[in-house]
Every structure is written in structure tokens, then in C-alpha cells.
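Can you keep this structure in mind? I'll have questions shortly.
We call the chains A, B, C, D and E, going by the order they appear; numbering starts again at 1 in every chain.
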């Protein structure tokens, strides 16, 4: 996947010898891409291939190397019982898997939606000139800076119904009439997880959007001021289109992350059916249960889901792959 | 007319600062709570306080007396720094190729890079473990630096590619005419113009590497090579089920402070208008 | 030889272990390094599995939970012969729990069993006995709670336990079911026994606590959350492991000196008895160890009565050597241990031996069913019926 | 529709004082041209008027109202930026229509008509669908002009709007702007240029700036015929006015005398002055002859048609008596 | 030090053909000026010569060597971009020194001297420490020029380098460039401009481009005096040549006759043609009178000094016989 993709520059007509400038650039491009490709091939290629391979075997962690190829059995298996009844087995026939899929998608959608909105607001605020901006910028990153394993536990502490400060605060402020066991009740578990995730990752969004905002040339805002464009309109017609590339990348990485959400839920509500996501489920099979192959199959399905999503996103979102090149 | 105008302006300012305060409070409150907790001990931990009631540095002392926390801090600094420098180096060069040189299969390549980020971390754990043992870097900081590229590299490459695409072509052309090689263009012309993007991706990647837990736990086995998040998970109370809450909070405060300082130092580079004045159009 | 021992034990535990290793080094001349692990048992388990699956030879001796041995049996060496001379001194149930298909997978370090913590002062105030059945507990708790709340102690709850959906709930629920004479979920011979009337009754009883004598949040409680409520003086009863004993006697604990422990209550009806889930930790030797003899030596050293005694004194861990419960030095250092011997008589093992490698999944099916029942998601009867089918599927 | 008044307006960027106290009145409907050396503060002054830049001290009035703090959008202005400042993500059409789409009550059709009229005027009709980066320099500049004129402002601000256009287009556009001004006689226009022809032909009045200060304000002819300083005299008119000082000037009772190239005639002999030809430039219609005669800069003589003088020729010249400008030591005219 | 030859050079951007087959030879040491309407492809041609843009077909030769594929840095060129293209993060000094620091064997001191010499020449010495965004438009342009001339190239490519300078500075810089050209008589210069004066005075030869094709190449006087098409005739010279067709032209045995404003004289009566004054422009040294006389565009007459004609006056004009250009229906001159 490395060298043969770096073919001739497309713009040059056949008859023309490739220009030295172009050659030099393509050569440089190849040189620049190679280390990255090698690094990724080793660090990701082999493990990915292994995982996908295991998903087609009957591997267990007790017997990893004696695994035998069983084809699609882990995904879907149709068995006809002696009684003549047909039963379906495998991940795809497992309702709890579909529940996890639904949880994951639901979680990813809401968390990324809110992170985007809040991240944008925060970024706009940070983009404004005011005293103490540097400190606010640092403060804003704190949620992202606290290790997840710590912040998740911290929140589970704060969300506790007995000695959790949030229930106390809510009741003091009159927002709650009684303490709520946020992570325990199925109805609120997802909400709690969402709140924590949004709290934690909004800074990521905000910072990336902020960087995008900073790269927008200032003079076109002057033109817009002169054109009498209301700030709100300026936001939608100028800022948004121009940060769009940065925003799209931020969103895509957040969605990828959200679809793979693991540690937060693992700590906060590890076994609640209301929040169990694909990653949590697959981790369970891989390392806790004796179903390494099935876990691999689930990981592979998650990979496929993400890939489909990404392709759709790039296609529908018209993410532009070329631009400033020459 | 001027009076009402000023009033409106004043309201706007007040609202703006109110928003700033809300944002800061929401972001910082849990951390503040962590600091409060880090000064508590025993049953106090289970009591709700909004203001400091007791002030004891015992938790901080235990952080440094248990295990090899200072050593773990150093490990984290080393691992995260090298990871970020390496990722930025690879990503800056790669993103130049991806954003500025037209070649066949470019979008496919970008997608491939992204695909690396599509696999759940836990799923690559077993395979990565094999690779790391094969390379003979198991239980060294290099195992972490190496494995962290799996999440830092796609991210930095994509973000920097996006940002580099937006830099004016004319400036690059001027450099070409001035006789600059691609390497010089990247280092002397583009990088200074991309400070916001570089600092942002660098910080975000640094923090991810700093906070990574699963790989760090799996690929290192001794206190001398482990990083801070694992060290925090290793902090323990007197007995099996007891979570040493105060100590964990103290440790979290200790590891978060350098990050805050880092942000404070580097956020100055997130300034706008870096490309202003370069070209007309 | 240079050995590595991995342990998820906690601060003082590790210190104690180090001192034991120093002794071992003196005796045998082998040096040992500790690889500490986070205290989360599921993290440890996942990690060990991965290491073992990959044939990691860097670790020689593993510190394992009682329920792990059967699951990891293939990758630990057989200690039966080596341990044979000492086996008789230990509780047979403990040795049994570590024996898979006649192979002794791990040797015991210490054992564990929960107890009922109760508030002496409150029981005295309302003139109540320590409850011996769950129903009694419910009634007593309700009464005291109502009365105290009327007096303005609005934070007070009757009973806290571990209701979160995790291994801890399996322990709790196994006690309920077993105390009602409902069996051990899966019996030693592999029959799935959970779908029975007694078990249903037990779970129905437990479900009736949530939201009445126990806060709804108990459905998210682990050991620490329960201890938190208890230690603030906000619970009349608590089900917990021995570790909470010393902590609750700390100077700043609201319950210091006001509580005591008793065996967990029994169920109702036929076959009712008090039961406590068997916990505890063991030492296992990796079959990928490059120094298996030295490693075995180490494991045996750590399981020896002498070591266990030192541990009981220093760490207040319950020994698996019966004679130590009457040892004066031990009782002097940990007077509560006397109380535990009774509790220990009622210990039931979790069905890790019959389920073997599938234990974790079986347990998760069980706790899910229980958690559903507790949170009102389906009746006990329904959930247990489904559970039976699921377990049958799993174990075929 | 607006008269503009500046009262002792100052502007500094940090420690750099750029505008150092400008007093100026632009009448309603007037066409005011700013000229001055590069870097003297023309663009800055324009930006102050637009409200894009805050004034450091002084007062700015629109129609007698102080507008120091008024937002640019509320001043009813349209502006052509020296750096164009096009919206990079919008097509030419969108760039031009953007301001209009925001105004209430503008139908799609009306907007299209107005944009197309402006595009036709500027000959950019066929580029309406392109993005700015696909345009040539001159085309971009025309888009910037087009964007300003599709709107319907009270004040037009033009910052060197024609600098990248070719001669023909420049004349055509200049005439369009003059027409625009005639049609909308209420609209005040302020126009920065370096082009003498534009300044002379478009302006009702010209304001000559020098180093952040107003040097002279007046009609083009006033400035051309009676500049009130050496600076203005030298700045207005192309080629530059010749300055002669020393003995030769004393003969005219002045410290410096100024005489434009077109007011010097080459005489067979017996001229007032004489010099050696060092360079000639033929522009077609006329030609410039550069003479070395001991002055700081060579003296330029403008001749009709093609010059036949060669370097090294010695020629005699005479100034037209009534066109000689005399200045005192302070650079002020002696009248 | 280089002669440049273009052989049937073409360039398209996707489907848009911009350069449609240009043949051109620029001699070693020659000063070649490109003129042409906005968007005709001047900048593109310059970029092809620089090597920044690949040519779609055809051949480009430097000193007889095909350089189609040669990298820009190896062509020994320096270029002033129409959009300046300054490095925004570098000070003026760094901008100018950047190219030099990349060359091997250049001492710090030498670089400083060369930068300062260029800065002095362009009067930007006091801005050496500023960033581009702190400069005015004209100052930026001068930095861009300075960057090119501190290097020591074989070929200079200038894309409208003086468009944002004031008249005085423009003349001064123009003269500096002319001097530069004289001093380094080996250096080939290609210069794009819209300014008639620059084109006429600087060029050894002018190349008139039209819509991606070369219309005529020749010395300034050749183009002025004998344009070989209506287009060139109309493009060279300011004000534009007047074109008269129809009956009036038939009298001259031509489809169209062209006559420049300066070659028309107003006669008391009995002129060849007559028309109504519709507009006059006074430029100081001379003035333009626009006459309506039934032609497509008004006829411009250029007069010395100030015009006294008023709109509505009817005047008679006569062309100078020998200055009349006659064109056939195809727009080609009849000689």
C-alpha cells in the first residue's frame, strides 16, 4: 500500500516528460510518507490482521495458537437441531450484541452532537480577546488532561447518591427533589455516561475548532463587517464554512473515538445493559470470558461499522481531499 | 441613543464574562473537588464539602512514598514527549505530501491511515503484544512510544493535512523560487504558519499519550518503566477493597499540574492572523 | 534464580509481601521481584490471561483470586504433588476450590468471607436482637430507619450491600440463594440448579429491600460505596468483607466502637442456613516459567502456615490453616478473627470449578439476572428461568 | 447621503504613530481622492472612516453625529480593500451577492440583476461561477469592486481599486465609477489612488496626505496650479515638477523654483538655462528628455511627439514665465 | 545570462485553455515587457517560464536547452509575484534574506549588505524589522521587489511590481530597475505591467498578449507607430486610439481608421470631422476632450494645457495625415 500508489502526477499530459519540480515533490512525498507508512504497518497492520484472522477461528485465550479456521461461524451460524428446529447462533444473532450496537450508536450520536455544539461555543469564546484568556484556555483543557481512569472514578464518586456532591448540589439548588442514583438506574445511566463524556471531551473539540478559527484570515471579517453582515450570519456563512475542514476532522476523530468508547463505561457502568457498548462487550469476550474469537469478531464488526460510517461521512459531508496542492 | 448603546454593550460584556465563568466553573469544578479531596483523609472522604475544611499533605506524601512515583512521572514525561515529537515529525512531513503534492491514490491513503483508528484498542492488544515482544522492546519506554503511534499518528496526520491544505499556494511558490527544498518549505515556511495547528495537535496528542492506560499496563511490568496512569491505578489503600481516594486525587493533581503548565506555555502560540499580510486575494 | 511475582495487592499488602520475599531470599537464596498490578481484579484477570496466552515467561508466580484458578488451569503447573504434604492443614473447601480435574492449580495465600456488620448502638437503642434471618433483618432495619428518620436523621438507611452488576453481586446473591436453600447456582457435578423456588424466594426478598431499606443507588454500589455509607454512620446494617472492620474502627469513622459483626442472616423455609461466599487469594506457578522449581518453592513458602500466620498478624487476612484461628498471637492481633471462624463454617464456593473456563460468563449471566430482578426489570421467576436456559447454552 | 468630518483624528499602532492629527471635511455627495506617498496612511485613514479600526483620539462625525464607536455595518459604507479581502470559499457571484442577500426584502431576481449588471460593467460575467483562487489578479480586483458597487451604500471607500487593471479596462472602469458618482449624486465617495489621471479626472477635491498629516486639500486644478508646498507641487503631476535651487533660483527671488516638464521649451540657443541630455524616453504621444544641469535630480522636459535628442547633446531651455512656481526656504510658495 | 525561447507553449487548467500556443524568443540581456488585457494570461506565462507551472505542451528553452522539466530553483530566476507572496511570519529582513541563506557559502555579513543595499534602493530600510502585516500595500510590494533583487539571478520575472506605488516612487523604482538592467546587462528581464509609461520606457521589446496568444512583439516605437492590428493599436498608447469606421473610414480607403488623441487637432472650422463636446478632463499638463460624433465610443482629443471647451460645444477636428492608421475588415493594417 505504499509505493505503487505514489504514481505519476495526474495533471501532466502523456507527451510531456515529468517536470523536475514535480519529480522532486513526488520523490519528497514518497520519502515523507514512507516512515509513517512503515510505522503504521507495523504498529497497526499486523495486530489488525491478527484480530481479523482470529475472528474466523475458534481461538480462546487459553489456546491462542492452536486455533482452527471455522469461517463465519463466530458471526453467524445456522444450525438445524435434531428436532428440525433451526436456530441461529453467533454474534449477529445475539440480541445483546444488537443492544450494544444500538447503545454505541446512540451514545456516539448524542455525545458528538453535544460536544460539537459546546466545543464550538467554547472555541468562539476562547477566540475572543479578553483578559486572562491564557488561563481560561488552560482551565478549559483540564477535563481532557485528567486521566480517564481517574476522572471516570471521580465522576462515579460525584454521581453517587449518598455522598456524591452533584446530588447534594442539585438538591441545594432545588433542581432535584431527592438524590438520584445516576449510574445505577437504567434510565439515567446513559445520561450520566453522556454527561461525563461530554464534559471530558468537549475541550478536545474546542481546541481543534479554535485552531481552525485562528487560521481564518482576519480581513474577510472586515469585509463582512462592511457588508453589514450580522455576527450570527457571519458565523454561519463565513466562520462555519471556513472552519469546516477542521471541524470535519475533529468530528470524525471524535466519532471514531465515541464509537469505540470503552474505559469510561468500563469504569462508570461496566455491566449495565443500558450502556454496554460494542467495545465493552468485545473486551468482555476477549479477556474476561473465554470467547476470544467471538470478541475478535465483534471488534471486526465494530471496525466495519466505523468504516461504513466514515465512508458515508466523507462522501455525504463532501470532505475534500485536495486543495492547496499544486 | 449613546446611553442605551452603552448599556447594550455593557450587557453584552457582562453576558460574555458570565459565559466565561460558567465554562471555567464547569471545566474546573471536578478538578477543584479533586484538590479538596486530596487534602482529606479517612471518613472525611465520604463527607460533602464545598470549601476546604482540613488541610493535610499526608496524601501527597504517600503518593511519593508508594512505589516509584517520581520515576513514573519521568517516564511519562519521556514517553509523551518522544511520542509527540515523533508523531509531529512524521505527521508534518507526511501531511506535506498528502496536502500539497498531487499523486494518485492520495485519498485512498488518507482513508487507510484513518482506518488504523477504526479498530478498538483492546482488539489490537494481543497482536501488538506479539509485535512488541518480537521487536524485543517489551517492558521499555520504547514499547509505549511505539504503540502510541497507533492513535497519535492518524490524528496528527489528518489534522495537519487539513490545516496545511489551507495555506496560500503563493507563499510556497515564492519559497520554491527562492530555491527551498520541500524540507525547507516545511520547516522554515509552513511550520511557523501552522503554530495553532501544531500546538493544538501536539497538546492533544501529548495528553492522550500522557493518560494512556491500557497499553502502558500491558507492555510494561516493572515500576521502573511504568507511567503515571498505571502508577495511579497501582496506588492503593490499606486493604483489598479500599480505594485510596485521597491519594489517587493527590496523584491526579500532581499529574495534571504539569499539563496545565504545558498548556499555559504553549497556548501563546495559538494566535490568529499568522498568514496575514502574505498575499493579496 | 531470579523470580518475578505478580500481585494486585495493595500498599501494606505489598510491603508485607516484600518482607516475606526477603525471608524467602534468606532461606532459599532466590531473589524475587514484585510486579505490582492495579487492584481492579478484572483488570488483573484480563492482563494475566493475555500474558499467559502469549506465553509470557517474564512472570513466574501469579497471585490469583479463588475463581480464576479453574479458568487459567491450563497455563499453571500442577502443584498437587508438591503441596501434598501440607494439604491437610488447610480448609478442604479452599483446596477443593483450587483443584481442577484433580490438578491443584494454586495454593492458598489467605481466605475471605463476608459478614454482617451491624450497629450495636442502634440495636440497643431500639432494643433489637441481631437478626438471624433476612426477613428479620428487613423488619429491624425498617423499624430503626423509620424511627431514626422521624427523629431527623434523614440520611439513614437500613441495609447496604454490593448491588452493582459485577462479581460482587454474584457473591451477595449466591449468599441469598444459598441461605434459602437454593443451591449454588451450578452444583459441583455441573447440574444447573438455579431455577428453583427457594432461589426465587431469596431474590424476591432481596428485591424488596431496594428503595425501602436500601437506597436505590445500591444498585451501583461496590464494596467501597457501601463502606462509605456505613462509615458515615448512615446505615444500620452492611454486608462486607473483613477489610471494612479495621477501617470502621478508625478514629474519624462515625461508627467507631459502635458496631460489631455477625454471620450473615439465613433464609426462610426448608434448608435455610446462613451462608457466606468464599473469597480469598492464592499463588499459582506459570507453566511458562523458566524456573519452575524455584517458583514452586516460592509458592509453597507463601502458602505455609508460618507465612499465613505472619500475614494474619500483619495484614489481618484470614488464614486457610484451621489451627491458626485458635492461635493466641493471631487472636491478639486480630480479635475479630474469632468471630469469623463461625462465618467461615458457612462458606460456599462460587461455581468456578464446574464451569471452568466459562465461569466469568456464567457469573455475568447470573449477576445480570439478579441485577435485573433487583431493579424491577422482570420478576425473579422469569429472570431465573431465562438464566437457566442461558447457562445451559453456555455450558452445553 | 452622508457628510463626513474628521476632527484631529489620530491613530497609532503601538508606538508607531500613523495618523497624526487629521482634520478633514468631506461633503455629502463629494468625490474625495486621497493621494500621498506609499505608507503615508491613506489606507489607515480609510479604515478609520470605515470603522474597522478604532481611532486613538479625536472625533469622527457622519452627518454631524459622532460615530467614533459606531460599528462599520451601521455606517452605511461599502469598501474596496487594497488586499481585496474576497471570501475564499464563495464564488464570484456569491462574493458579490453576499451583502445583498442579507438585506431584507431583496428578491432573488433583483439580486441577480444587480450582480449581473455590476459583472457586466466590470467584464467578469463569465467568471461568476469561479472561486477567487481561480482568477487572475485583475479579475480579483474587479470582483472586489463589484462587491462594493452591488450594494447601495451612503459612502463608498475605494482603496486603489484599479491598480491591477490594464489601461483600457482602467479607463473604462474609471468612467463607470464617474458615472456611478453622477447617478448617485448623494453618495459620498472616498478614493485612494496613485494614478495621477484617476486623481485628476475623478476628484471633486483631492486631499494630499504626507506622513500622517493633511498637506493640502483642494480641487485638482488648485493643486496643480497653486500647490501650497514644494511637497504638493512635486507630488501632483507626472512627470514630477522640476525643482531648481541655489543661484539659478535666486534669479527668481526664491529659494527654490519649480517648473513642470511641460512648461519648459527647448530653444535654439539663448535659453534661460542649459544642460546636457542624459536620457530620453519616448512614450509615443510625447517624450521626456532628462537634462543634467547641476540640480539634485535631472531636469525633465516634456516634448510632444518623438524626441530626436541624443544623450550628450547640449540644449537650452526656457520656462514659460507664468508657470514658474517660487518657494521660500520653508517650502511655502511665494505669491 | 540566459536567452529564453518558447515554442508553441500551451497551458490549460483542467478544461480552461489559458495559453494557447505561444512562440516567443527573449534574447539574453533583453528587457521584455508583457502587456495585455486583464486575464489574458500574462501571469500564467510568467509562471510557466519560472517553472512553477508545468507546460501542457510545447517546449521551453533556456540558452538553447530544453528546460520543460527543470526545477525553478535551477533556472536561476527571481520573481516578484503579483500578490506579493511574502512570508507572513518573517520580518522584512528575513523575507529578503531567505533566498540567500539557502544558498551555500554566503556569509552573514554579505547577506546583510545585499539586503540593506536593496532596502535602501527601495526606501524600506526603516521597516526591516517589521512583519508584512504591519506594512502598507506599497511597502509590501517593495519588499517583494527587494526579495527578488537581493538574489543574483540570470532572469528576473516581475509581475506588476509597481502597481501599488505612488507616482514618485514608481518613477524612482522604475528608474532603479532600468539602472539594474543597465548594470547587469546580461540579466534577462521579463516584466508584466499595465502601465503604458513603464512599458514604453523600460522595454527593449514589448510583447502584446491577447487571450492566450501573442498578438505582436516589437520595440515600443514599432508598436506605437505601426501596430499590426486594431487590437494592438488600441492597446498601446493612452488615451486609447480613436477608431472610426463606416463612411468616414471609407473616405480613407479603409474599413476602420485609427487616430490617436494627440494626433487630432481642433481647427477653427473646416475640419475633416466635427463633433459635440460631451466631457472634458483636465490633467494639468494636458487635457482630454471627448467628442460625440456618431462613432461607437466618443472620440478623444488630447490638448496641451487646460481645455476651455465646455460640454455642448461643437468643434471641428483634423487628423494629422501621416499619423492616420488604416485597417481592413480583418483588423489588419493597410500599408
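Odds and ends about this structure:
Going forward, a residue touches a chain if its C-beta (ideal position, glycine included) is under 8 Å from a C-beta of that chain, and two chains touch if they have at least 3 such contacts.
Everything quoted here is computed from the prediction, not taken from an experiment.
Considering every other chain in turn, the ones in contact with both chain C and chain D prove to be A, B. Under the contact definition stated at the top, the chains bordering both chain B and chain C are A.
Taking the CA centroid of chain D as reference, the farthest chain centroid is that of C. The leading chain pair by number of C-beta pairs in contact is A-B.
Distance between chain centres (mean CA atoms), chain C to chain E: 92 Å. The mean-CA centres of chain A and chain C are about 38 angstrom from one another, to the nearest whole unit.
Computed centre separation for the pair chain B/chain D is 53 angstrom, with centres defined by C-alpha atoms. Of all residues in chain D, those that touch two or more other chains are 82-83, 86, 88, 137. The multi-chain contact residues of chain A, meaning those touching 2 or more other chains, are 11, 21, 24, 64, 162-163, 217, 219, 283, 286-287, 292, 326. Of all residues in chain C, those touching 2 or more other chains are 50, 53-54, 228-229, 232, listed in ascending order. Pairwise, the chains that make contact are A-B, A-C, A-D, A-E, B-C, B-D, B-E, D-E. On chain B, the positions that touch chain E within their shared complex are 168, 170-171, 173-180, 184, 188-189, 192-193, 273-281.
Every residue of chain C that touches chain B in the complex is listed here, in rising order: 4, 6, 9-14, 33, 35-40, 43, 47, 50, 53-54, 56, 58-59, 112, 222-224, 227-229, 231-232, 240-241, 243-244, 246-247, 250-254, 315-316. Partner chain E is touched in their complex by these residues of chain A: 11-13, 15-24, 326. Across the complex, chain B is touched by residues 47, 50, 52, 71-73, 77-79, 81-89, 98-99, 102-103, 131-135, 140, 147, 151 of chain E.
The touching residues of chain A, when paired with chain C in their complex, are 60-64, 156, 160-163, 179, 181, 183-186, 269-273, 283-284, 286-292.
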